[in-house]
Amino acid sequence: MAVLPPMPKLWYRETKPHKFCPGCGHPLVLKALAYAIEELGIEDRTIFGCDIGCSLLAWDFFNLDTVQTHHGRTTPVMVGIKRARPELICIAYMGDGGGYAIGSQHLVNAAVRNENIMVVLANNTVYAMTGGQMAPTTLPNQKTETTPYGRDPEKTGNPTLGPEMVAAITPDTAYVARGTVAKLGQLKSFFKKGLQRQIEGKGFSFIEVLSGCPTNWRTNAEETWNFLENEMTRYFKVGEFKVPGQVKEDKNE
Amino acid sequence: MAVLPPMPKLWYRETKPHKFCPGCGHPLVLKALAYAIEELGIEDRTIFGCDIGCSLLAWDFFNLDTVQTHHGRTTPVMVGIKRARPELICIAYMGDGGGYAIGSQHLVNAAVRNENIMVVLANNTVYAMTGGQMAPTTLPNQKTETTPYGRDPEKTGNPTLGPEMVAAITPDTAYVARGTVAKLGQLKSFFKKGLQRQIEGKGFSFIEVLSGCPTNWRTNAEETWNFLENEMTRYFKVGEFKVPGQVKEDKNE
Amino acid sequence: MTTAYKVITKIDGKGVFHLFPELCKGCGLCMEKCPVKTIGWAKELGVFGTPVVEPGHGEPCIACKTCEMVCPDCAILIERRKDEKAD
Amino acid sequence: MTTAYKVITKIDGKGVFHLFPELCKGCGLCMEKCPVKTIGWAKELGVFGTPVVEPGHGEPCIACKTCEMVCPDCAILIERRKDEKAD
Amino acid sequence: MSKGAKIVIAGEGGQGVQTIANMLSEAAYEEGREALYIPNFGVEQRGGVSVAYIQISDEPIGSPKFKDADVAVALSKRSIRRIAKYCDKETIFLYEGEITDAEGEFPEECREIIKVPAIKIAKELFHPKVFNVIIMGFIIGLTNVVSVDTVKKIINSQLEYKFEKNPELREMNHKALEKGVELALNR
Amino acid sequence: MSKGAKIVIAGEGGQGVQTIANMLSEAAYEEGREALYIPNFGVEQRGGVSVAYIQISDEPIGSPKFKDADVAVALSKRSIRRIAKYCDKETIFLYEGEITDAEGEFPEECREIIKVPAIKIAKELFHPKVFNVIIMGFIIGLTNVVSVDTVKKIINSQLEYKFEKNPELREMNHKALEKGVELALNR
Amino acid sequence: MAEKNLEPIIKERRVFITGNEAVAWAGVAARADIMYGYPITPQNEIMHYWTRLAPKYGKGFLQTEDEISAGFATVGGVLAGKRAFTATSGPGNILMQDSMSMAEMMRIPTVMIITQRGGPSTATVIYSQQETTLTCFGGNGEGIRIVYSTASHQELFDYTIKAFNTAWKYRFPTFVLGDGYQSKMRESLTIYDPVERGIELVPAEPFLGKGGVAGLDRPPVHLRNTYNMEDELYEVVRELVDAYNAVAHEIVEYREMETEDAEILIVAHGIVSRAAEGAVARLRKDGYKVGSFRPITLRPFPAEQLRKCADRAEKMLVVESAEGQLKKLVTDAIYGSTTPIETLFRPGESITVEEIISAVKGL
Amino acid sequence: MAEKNLEPIIKERRVFITGNEAVAWAGVAARADIMYGYPITPQNEIMHYWTRLAPKYGKGFLQTEDEISAGFATVGGVLAGKRAFTATSGPGNILMQDSMSMAEMMRIPTVMIITQRGGPSTATVIYSQQETTLTCFGGNGEGIRIVYSTASHQELFDYTIKAFNTAWKYRFPTFVLGDGYQSKMRESLTIYDPVERGIELVPAEPFLGKGGVAGLDRPPVHLRNTYNMEDELYEVVRELVDAYNAVAHEIVEYREMETEDAEILIVAHGIVSRAAEGAVARLRKDGYKVGSFRPITLRPFPAEQLRKCADRAEKMLVVESAEGQLKKLVTDAIYGSTTPIETLFRPGESITVEEIISAVKGL
């Protein structure tokens, strides 16, 4: 038997090597996601939607019916699909720019309405596809193409804390977590929990993933891991923010 | 001396009686706001911006330079003004539809960036100007023109909790509160605190106000007060959510 | 900028109840909030052709000014009848 | 749908290190994560014309499969040399 | 004028302008005529003058609005100005009898200006609320554009829910309608 | 061909295509000529073939892209296909000497096809990294479109920061450039 | 899609309703499955009626957070294989152009009802024909779409049904253009079940989620609207344009009145064409040789048909409640014709029979 | 706005830079105060250079959450009396139309740079002329705006400066149209300080926050874009259109080449006009009587000027990297002319001198 690359079955081989840069975090997210879907056995009814941003490079990534949408608009497209055909499992995949900036109204309102879809957001602290501008998640003092002297929180605020925000506005049945490509096993389990919610018709799940962008960070492998595991985690706590059943916050009513 | 109506000095008399319906909450919000501005003595540099929604009826309401913008776009217009002329005090006035639905990306991102403006949002649980459709704040089971059989939280989620959300994403220097037209004195004090933040250059303030819409609620005066004071407050807690200095939540770093 | 307003003045309890019919839209919010329920419909018509309000329909006015405060149209001005302080 | 892939197989410590040069983009992520630092640059070139990786640059491989997991391109397959269970 | 009519009615919100406009057009539709009724609307939910444009015809109807009303009706003083522009020298202009000091606002040219004391008569004979039905009757008497019977049928079906609670109302409305027609015929 | 030239260069990201394209065009600008350089770009940040279009002329330059390159240069195998369409019968087609088995991809018609063993020579005489400079020299030798001296000046100013750290690099780059010119002249 | 149930979905009957109500009923009649929408005057009552009808007919509705979302959710619904539609106006129409550009690029058969209001900007909620250019060519594209401009409640009903058929048959985004008057006014029309009348309903089919395991039973569907190279894109757009042009002649619709011997040709669309036809009728009585031409499809435009009438006439009068938006369609369609064009432009305001008559008399 | 400081803000010099860099420098030269923007290829480097230049020249920058916000924030900046501008492309251009419609309605002198990319939809990030219609007529309005279509880096620089002057002088939203090639390519141009060259900079003035206490020292400023009645709106739009038409002749710009005796007239705008002019030069050498006409302002369009040339020619060839967007401007401008129009449309793709030559030869 020929030795074959250890690719998830769900990865569409005809398009591999994929289009992401060397060392990119996106394919790692998509690896964990593939395993989660395979383990749940929902390949036959899962629809994948990707945003504009480097996530668009995943438009032909999976053995899944896939639609590449517009910058920030993957959430409404997937909501539209889900509302039309609730039997489909819908996953919206986007970057931090797509989810927290231009598409934030969709994220917030899909969360509030408890839409029965899963949103996966790759947080790489920059607008990667457009060449490394400031994103809502850019760290204080981080240099980007539009903060050439470092992001000044006095002028542009602190990084957006997405899962924290979504947890604050979703009902108890929702699932909200932040994973990282540095912990793929954990990430897979987060995805499975989120998808499980959807399978059960229990509503919205949101998983942010800390993800590397060596190209725009201009980092080598060591620096990439360091930024991911040490710099980013100082602001972005990895873990679960809302697990159905485990109610943390006090609630009105 | 002729007896004169007890109007705030800041109300522009040429346009009174104003254009709001009998019993509307908007003018009560604008009464408290007027007193707050007068008491702070910032009439000479305050710019008022109103949204499309019944708030647009305030386009000629005040003795203040005023701009009526687009539905949901008052926040960015006021941010644009403030960034261009930081010496001006900028107040963005909008409804729950304008702020939590179509303009939610602006609200969220202005909050995260800690823009040095004040956003005032009148929550009347409906899209009033367009004739009473469901708003993000419509109460469970509340009948509206687009939820003719009552809002079903299973299908469209629970009411948006705006100040709770904004408190979750703003820095400690921000001011976040929810007032009600049923407590005008308290409301005025919330406005003053928010404006004080801005005067000091300390950043974003957000005040949601529970506000009546007898026209679309189809309520008489008694029912209006009852809905405002009893129904709405079951979901929407009146009070301060973020007062600089009084840190409540645990924070990352 | 001082425009002259028509005013209907009625005295009740401790209060001098000034009502500006060109402003009153007859919403009734004041009525509901009056602690002594003295406010009721008058026969005069307001700006929208609907009845305005007047005191004298319940216990005497205590000049608490609640009605003045809650009127969305600033159509009521309350003065204390005696030389008590107004606030 | 099974495409044949070129493979470079090298043995190191407990591991059989299969590297697929048509997939490896030479990012080095695997190298950094190897607990025994056995991964280093090879002289063979990968899909982008940059060097691929190989074992043998540090302590012997313990077949932990970390490199396999962290490779964004699924360019490494690790097999245990002995008849130990693979996972 | 029995063939068709263009009618514009204006008044304050709450005076029942749209109600009678709707009934008139619905009656014409019921009689198999072409009818088009368009309410005015603006950004405000309430306040402001309420205007209704009605066209009844035996031929397809063109633009929903028109500049040459056959009948123009003003129910309140400030509504006069809003409809004056729809009047030409063929227009019969009606105004409510309680409107005073408004001569300056009247349309510059029109065939006839008629004061209709509908509120007064309604108060005297029926109830102030049905003054708009008297006006409707007056319009019918004037134009003959729909039959009184059809309008009664429409009144019955549209106000059914009210009449159920209070059957005397039916009679009152029918009477008011007839009174209006009578006023027009005896003008 | 001294008057002007249309040059298209393609290779893998990292081979230095845009660097030499930029230098060539900047040199022409420096010499007071009209010059236009446009890099290709797509949605991907990396990966994919990197293409550069250069035009140097004494007259105003029209479209930034062209279909009739004077010189077309392929530095990697899969870049050949990307530039074949810019070749016509006047085009001189250059390809890097290490490319093998690519004959099928070559442009259908062109004036001349030349293999330039730049990588080999760079490895032997200098350092693999300067193979693109040899290519640049070859283009200059072929077209004479800018002077070697100007290009050296541009190399000096653009790589200043590198040369400061490692002064030998300057000499190496200059030599590589000259070697390229020489190769072209002796072809 | 064809009904098992032999009962007509709507009992054929004559009704006296508003245009918005007619559209909601037409949606039911067309077997639309789901509506996505965001409130905006004057289209609101389409949603109001739909939300009342939807549960009775087992249909879906989602009120989204804005028009951007409504447009993209509609795209999603269609991709999922459902007869999805939306409705909007004015500023909402602007915001939906982004999703409609996507639909244009990917040939997604969206259906959208536009009830024009005054412009530019928020302007008025009442009426205009100022969204003609926007609806025909909005977005960063080439207007590869179908636009029906309706003039009566009957047409609103008929063309809303037809829009679903056209969209699914040709796979171009399809628009039904109306206006605020039509939305709010009441006039009579006949509502009916198209199936009962023998009108075949073109079935909807899923683009995504076609069944089977993607990559196992069939190749996965991978849809995109982004390309890396300009020549790739050119091919795509060329194909789109060619496909569109190839079927345009099947799609064009128009209406002529007394054009045979018309010396003066009035051109108008939508509700203004009713005033134009009214004017023609009256002017003919007065002996004027006037005719009218009304494009029903604004995209594709009945160019050849208009050119014929135009060439016969001595003068044309383009009449619209906008500042030359129809005129641009006309001049582009019949360029080369030498019949002079006069105009009556009333941006944001209605145009009456009388005004057209006096404009014609003043020519 | 005039400088106290006698130092020129930019030392006049010849540079070899990208178009995006040229725009950023032009912003500085024009004394722009603040830029609001959202990333989109190919305009990104305008922001990149601006954020590097801004602190040095005491200028502001805000990266907003989307283009909707960037457009409306620009409106805000202008209302506050600052020379504010923004830049975008493609889908971003669609999203900014809402704010530009507001600017159109309220005569807010916004300045916006458009670097066209492929369409429809996300398409490509590279190049096109497919945003011509969108930029000229986007939104629910009548295109009451000024659009300069540039063809070189020098023009990008010159017209960006000019745009601020035009905008503030006439108070119409003003657009500088470029494309992705121009954004990314390098060619030479001269940058300079317009003040030093004696170009007067029209001062900006606040619409809001004019000083004094509103309602005490002066009436408050109350700005709106919403009206209650259609006749009110009609008056507003009429006034806008009239004001625009009255000054259009002062604004129009165009460029002719060899049109005097041209039998064939090539019409092209933007960077394609360079290929057109190149083709004319070469064809003339071969004895072809060819000329070219290039509208520099697409809004207002140099209609009379083009008509003159068109009437002299035997044939016209409209050439554009879009499917007839320029052609529609042309046919509307010169309707009545009988010179036949042939076309060379390459939506989303560049057009070379050679292609134009062979198109002309094939006529």
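The letters A, B, C, D, E, F, G and H name the chains in turn, as written, and every chain counts its residues from 1.
By our rule, a residue touches a chain if its C-beta (ideal position, glycine included) is under 8 Å from a C-beta of that chain, and two chains touch if they have at least 3 such contacts.
These numbers were taken from a predicted model, which means no experiment stands behind them.
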| item | value |
| --- | --- |
| Subunit F reached from subunit A - shortest hop count over touching chains | 1 |
| Chains contacting each of subunit C and subunit H, listed by label | B, E |
| Pair with more cross-chain C-beta pairs in contact, given B-G and C-E | B-G |
| Inter-centroid spacing, subunit H versus subunit F (mean Cα positions, whole Å) | 35 |
| CA centroid of subunit C to CA centroid of subunit F, Å | 88 |
| Separation of subunit D from subunit H, taking each centre as the mean of its C-alpha atoms, in whole Å | 54 |
| Mean-CA-position distance for subunit G and subunit F (Å) | 54 |
| Interface hub residues of subunit G, defined as touching at least two other chains | 41, 65-66, 91, 98, 102, 121-122, 124, 126, 215, 225-226, 228-229, 350 |
| Subunit E residues counted as touching two or more neighbouring chains | 42-44, 47-48 |
| Of all residues in subunit A, the ones touching two or more other chains | 20-22, 52, 56, 70, 101-102, 104-105, 108-109, 129, 131, 136, 156 |
| Pairs of chains, among all present, that meet the touch criterion | A-B, A-D, A-F, A-G, A-H, B-C, B-E, B-G, B-H, C-E, D-F, E-G, E-H, F-G, F-H, G-H |
| Subunit F-facing residues of subunit G, complex | 226, 228-229 |
| Residues of subunit E touching subunit H in the complex | 42-44, 48 |
| Of all residues in subunit D, those that touch subunit F in their complex | 25, 48-50 |
| Sites on subunit H touched by subunit A in the complex | 37-41, 44, 47-48, 51-52, 55, 61, 63, 65-67, 91, 121-122 |
| Subunit H contact footprint on subunit F (complex, rising order) | 22, 25-26, 29, 34-43, 59-68 |
